[in-house]
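There are two complexes below, and they share chain A, which is joined by chain B in the first and by chain C in the second.
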Partner chain A sequence: MTMIGGFFLSSLSIGWMDGSYGSIIMFFTNNRTGQIQVHHKGYLEDPSIYSTIGGYQTVGAFLDSIPEVRVWAPRIYSGALLAVRPRGAGSGNVFSNSAAASVIGIDPAMEEAATDFSDRIVNGEMLTASAADTSYAAAGQIILGRELSIILDASVGDSLVMLSQAADGSSADRKYVIRGIVSSGNADIDRNTCYITLSDAQILFALQGKVHEIAVMTHSLGRVDELTGEISAGLSGKDLETDSWKTFAKEFYNGMKADEVQLKIMIFVIVLVAAMGVLNTILMMVLERRREFGVMKALGTRPGFIVRMVVLEANIMGAISVIAGAILSTSGLLFLSKHGLVMDPPLNYGGTVFREMIASITPECYWIPAICVFITASTVSFLPALKAAHTKAAKTLRAV
Partner chain B sequence: MTDIDVIVAEGVVKTYDDSGVPVHAVRGIDYTLSKGEFTAIIGPSGSGKTTFLNVLAGLDTPTEGKVWLSGKLISDMSGKELSDFRRDHIGFIFQAYNLFPVLTVEENVEYVMLLQGILSVERHDRVMNILEKVGIAEYAGRLPMQLSGGQQQRAAVARAMVSRPSLVIADEPTANLDSKTSGALLDMMRQLNEDTGMTFLFSTHDEIVMRRARKIVIIRDGKIDGKASSEEI
Partner chain C sequence: MRSFLLLISISFIPGLITTGICQPPIDELVHSLDQLYRSDDSYAEMSMHIVTPHWERTLTMKAWSHGIDRTFIRILSPAREAGMASLRIGTEMWNYLPNTGSTVRIPSSMMAGSWMGSDITNNDIVREITYTEDYTYSYTTDTTLTGDQSDGVVFIELFPKSSTAVVWSSIVFAVRITDIMPLWEEYYDSHGNLIKTVTYSNVQEMDGRTIPTQMQVIPADNEGQSTTITWTHAEFNRGLDSSIFSLSNLQSGE
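Our next item is the complex of A and B:
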């Protein structure tokens, strides 16, 4: 029972860890960053407006040629001051509600394909390609983060003014109409981020034909590291750098690793407790069967044979426990992978809120606990086996 | 010691000190068991019969003195050598049968042959042959708990003899049996002794055993108090 329990808990923990961490990473990366990013060399260390990817369409065409790349999205990053006229104020009043914000230029269609951006719009609509992208004749369109809209006391349909500096040193200022309010799930980001179209950003910041970042979405997490290397090799000589989410979202990755270590410690404790139980069971078994071992020795059984027999018996018990534990854990994992667990309160990872966690069924859910069970069975049965092998035949036959 | 001596004991002393109080179970015994003997060691409870048998069989080490088994000094033998010697040369019959409860009669009987590395077909033939001889062949597939006491002791006899040892040591083999079953079992062992020349050494205080033994050794207070034939007893 102890070994079955140990297998079951370890297997469930691993499935839970793989599933929930996998879904957290996919959610985090698909929602925002992508699993891989391409930047101009040095951009991550020093995110300067001048550090751009020129001819990004060529890079995009290369990415399109890789089957494992699901989609990619170009982005421009800059900072600006946003100002809104206070609600109810007359047309002559100044735009006195202001806040500094990060401005992200996105290609509406490509961003939608990459991150399902419109799903996170809580009010208003997604940006669209329009004449305003290429001409200052009309007001531009902008989406604000929810917290930023609260700070500015602005809502959909309101006008705002953006003030910044372009890459060529000129003033970058424009009037915008708020088209939507977005909630990314990360309040910190939503507090200081707004989104305009990529074409608009390229004109506004004098970055025609250039972007700061290409976010790459892949089909699975498993091959991200290899794919990063592949893309990096394909883009060599272009003064670009390619990084996986483990590098550009280092804080998030380290948080995940720290949590993973905690879970591994938990699994180790489970195995240790199970091992103590198994040791106790086998010691009891040896004690109860000492007369049998005494008879075996009297009949001429070598001590080594008894050691092998006890260890083998422990491993047979282990095998039975693995089968029974696998049946139990599969049921549990199937349930958790279908229904998941609602996190109440929601789990906050690097500012991203997760409301539901699910398990996944992977080979690791079975082979890691199985190996633990067999190693535990062999290790902890060795001492009782030696005890059994050194049973004094005359003493046990006399005493029992 | 001669070629026909199976066991020779010289000045054997065995003192237990398990609880801090020394118990002198055997107090200096010189004894020789020759090939083909059918000997009973008799004496009251606590006289040291079982301890002496255990020492003779190498199951227990003497506190003092020496024991030779088929010419080999027990104290010179390693644990492995002693195990192999018992496996190949000594058959044991215990008062409480001591069959393995989870094995069938056939598996119990073939156990020693399994240790000897005898092939399965030969093992099966020899098991069935000896079970025929002891009269429980039809119970070969049963577990010990499904047999009567007499049938279990017959299975134990079969286990002791199937590997054709030169010596069979039996510690109070009839203690848990009724007189009729005891008599039948002793007659069977006596017959095997006569047919095969196997040496039998019993400890007992059962009159039925004494009557069938050819030699009797009397132990009292850990010492040999006399030797006699069954007729004399």
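Our next item is the complex of A and C:
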């Protein structure tokens, strides 16, 4: 029972860890960063408006040729001052409610395909093509982070003025109509982020044909590291750098790793407790079978045979525990992978809030606990086996 | 013995000149620096040449000031910025953007930001600070701060008072004592690292005042970057109309 319990708990913990962390990582990267990003060399260390990817469509065409790449999204980043008219000020020209913000230029269609952007719009609509995509003088469309809209006291349909500086040193200012309010789930990001179309950003910031980032979405997390290497090799000589989420979302990655270590320690403790149980069980067994071992010794059985026999018996018990534990844990994992567990309070990772955790069923859920069970059975049964092997036949038979 | 004493005395004279004997009273000197560009009101025409490793451009502008609390600047060129204007009243600042026909208030969080892409911040424009009232100061002969010292130049080290909200911890000012003209200023952070250097040159008389008509700001952490402001015309104490410093004038585009 101890072995079955140990296997069941270890298996469930591993499935829980893989499933919940995998889903957190996919949720985080799919919603925002992508699993892989391409930048101009040095951009991640020193994000500058001048560090751009020129001819980004060529890079995109290369990414399209890789089957494991699901979709990619180009982006432009800059900072700006946003200002709106105070409520009740009518149609005056003084925009005195102002705040600094990060401006992200996105391709609406590609961003939608990559991050399901419109799913996070809580009010209003997604950006569409407008005259600002081709003319500096035209008014554009903008989506504000929810907290930023609260700071500015602005809502959908309001006019907004943006003031910034273009990459050629000139002033970059444009009037916008607020098209939507977005909630990314991260209040810190929504407090200082707004979105305009990529074409608009390219004109406004004098970055025609250039972007700062290409976010790459993959089909799965499993081969992200290898894929990062492949993309990097394919883009060599272009003065670009390719990084996986473990690099550009380092804080998030380190948080995940720290939690993984905690869970691994927990699994180790479970295995340790199970091992103590197994040791106790086998010691009891040896104690109860002293007469049997004494008879065996009296009949001329070699001590080595008794050692092998006890260890083998422990492993047979282990095998039975693995089968029984696997049946139990599969049922538990199936349930948790379908229904998940609601986190109350919600779990906050890097500002992104997760409300439900689900488990996944992977080979690791079985082979790691199975190996642990067999290693434990073999090691902890060895001492009782030695004790059994050294049973004094005459003394034991006299005493019993 | 008497000649030896005379020799000792003579050998000390140059040292005394640079270490204090010929230094004017420091309060008077610092007050003169405060008043160098200040007047009841002023009007100036100037150009601002900005150089960065990525681009280089020149803006021409007109500027009006009233006391230390009101400033109005109108950009004349280049075309994309022509008509843009900045109005400062006290610690409040507004920018007029002709492209959008709107006036934007600059929030306090953006006051440390660059003004028109230059090495001058919005704070530099709105700051109502005087050396005499907001700093403590003393002459310095520390060559690690002043570099090679030359005759006729004194060096002042200024420390902001605790009530003075600035991002630097000290300023070293080199002043030519013959005409009380600033030569350069160096701004240091709390670790003693140089933040920026401001140099003054091309001393000329404008409207009866002798002033350095060129000022160059060189940030220490951005190699190859500088902003040079050149005064081409200046008038002082002509009695400006207070309506210049108004939001309606800002939006007039004139």
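Please note the rule applied: the second predicted complex is superposed on the first by the 396 of 400 C-alpha atoms of A that agree within 3 Å, B and C clash if a C-alpha of one lies under 4 Å from a C-alpha of the other, contacts with A are read in each partner's own complex, and residues count from 1 in each chain.
By our rule, a contact is a pair of C-beta atoms (placed from the backbone, for glycine too) under 8 Å apart; a residue touches a chain by one contact, two chains touch by 3 or more.
Note that the structure is predicted; figures quoted are calculated from it, not measured.
Overlay on chain A: chain B and chain C fit together in the combined arrangement. By the touch criterion defined above, A:Arg291 lies against chain B but remains apart from chain C after alignment on the C-alpha atoms of chain A. Note on the composite model: angle chain B-chain A-chain C, taken at the C-alpha centres, equals 140°, rounded to the nearest 10. By the touch criterion defined above, A:Tyr50 reaches chain C but does not reach chain B. In the superposition on chain A, A:Ser98 contacts chain C only, with no contact to chain B. Using the contact criterion defined above for the overlaid structures, shared-chain residue A:Ala167 touches chain C, although it does not reach chain B.
Between chain B and chain C, more residues of chain A are touched by C. With both structures placed on the common chain, the touch criterion links A:Leu299 to chain B but leaves chain C unconnected. Using the contact criterion defined above for the overlaid structures, shared-chain residue A:Ala83 touches chain C, although it does not reach chain B.
Contacts of A:Val261 after superposition on the shared chain: neither chain B nor chain C is touched. With chain A used as the common frame, chain B approaches chain C to a shortest CA-CA distance of 80 Å.
For the contact definition in use here, the chain B contact set and the chain C contact set of chain A share no residue.
Chain C meets chain A in the complex at residues 50, 52, 54-57, 78, 80-81, 84, 94-95, 97, 99-107, 109-110, 113-114, 116-117, 247, 251.
The touching residues of chain B, counted against chain A in their complex, run 50-51, 54, 57, 59-60, 79-80, 83-88, 90, 92, 94, 98, 100, 111-112, 115, 159. Against chain C, the residues of chain A that register as touching in their complex are 50, 81, 83, 93-100, 136-137, 161, 163, 165, 167-171, 173-175. Per the touch definition, chain A reaches chain B in the complex via residues 291-292, 295, 297-305, 392-395, 397-398.
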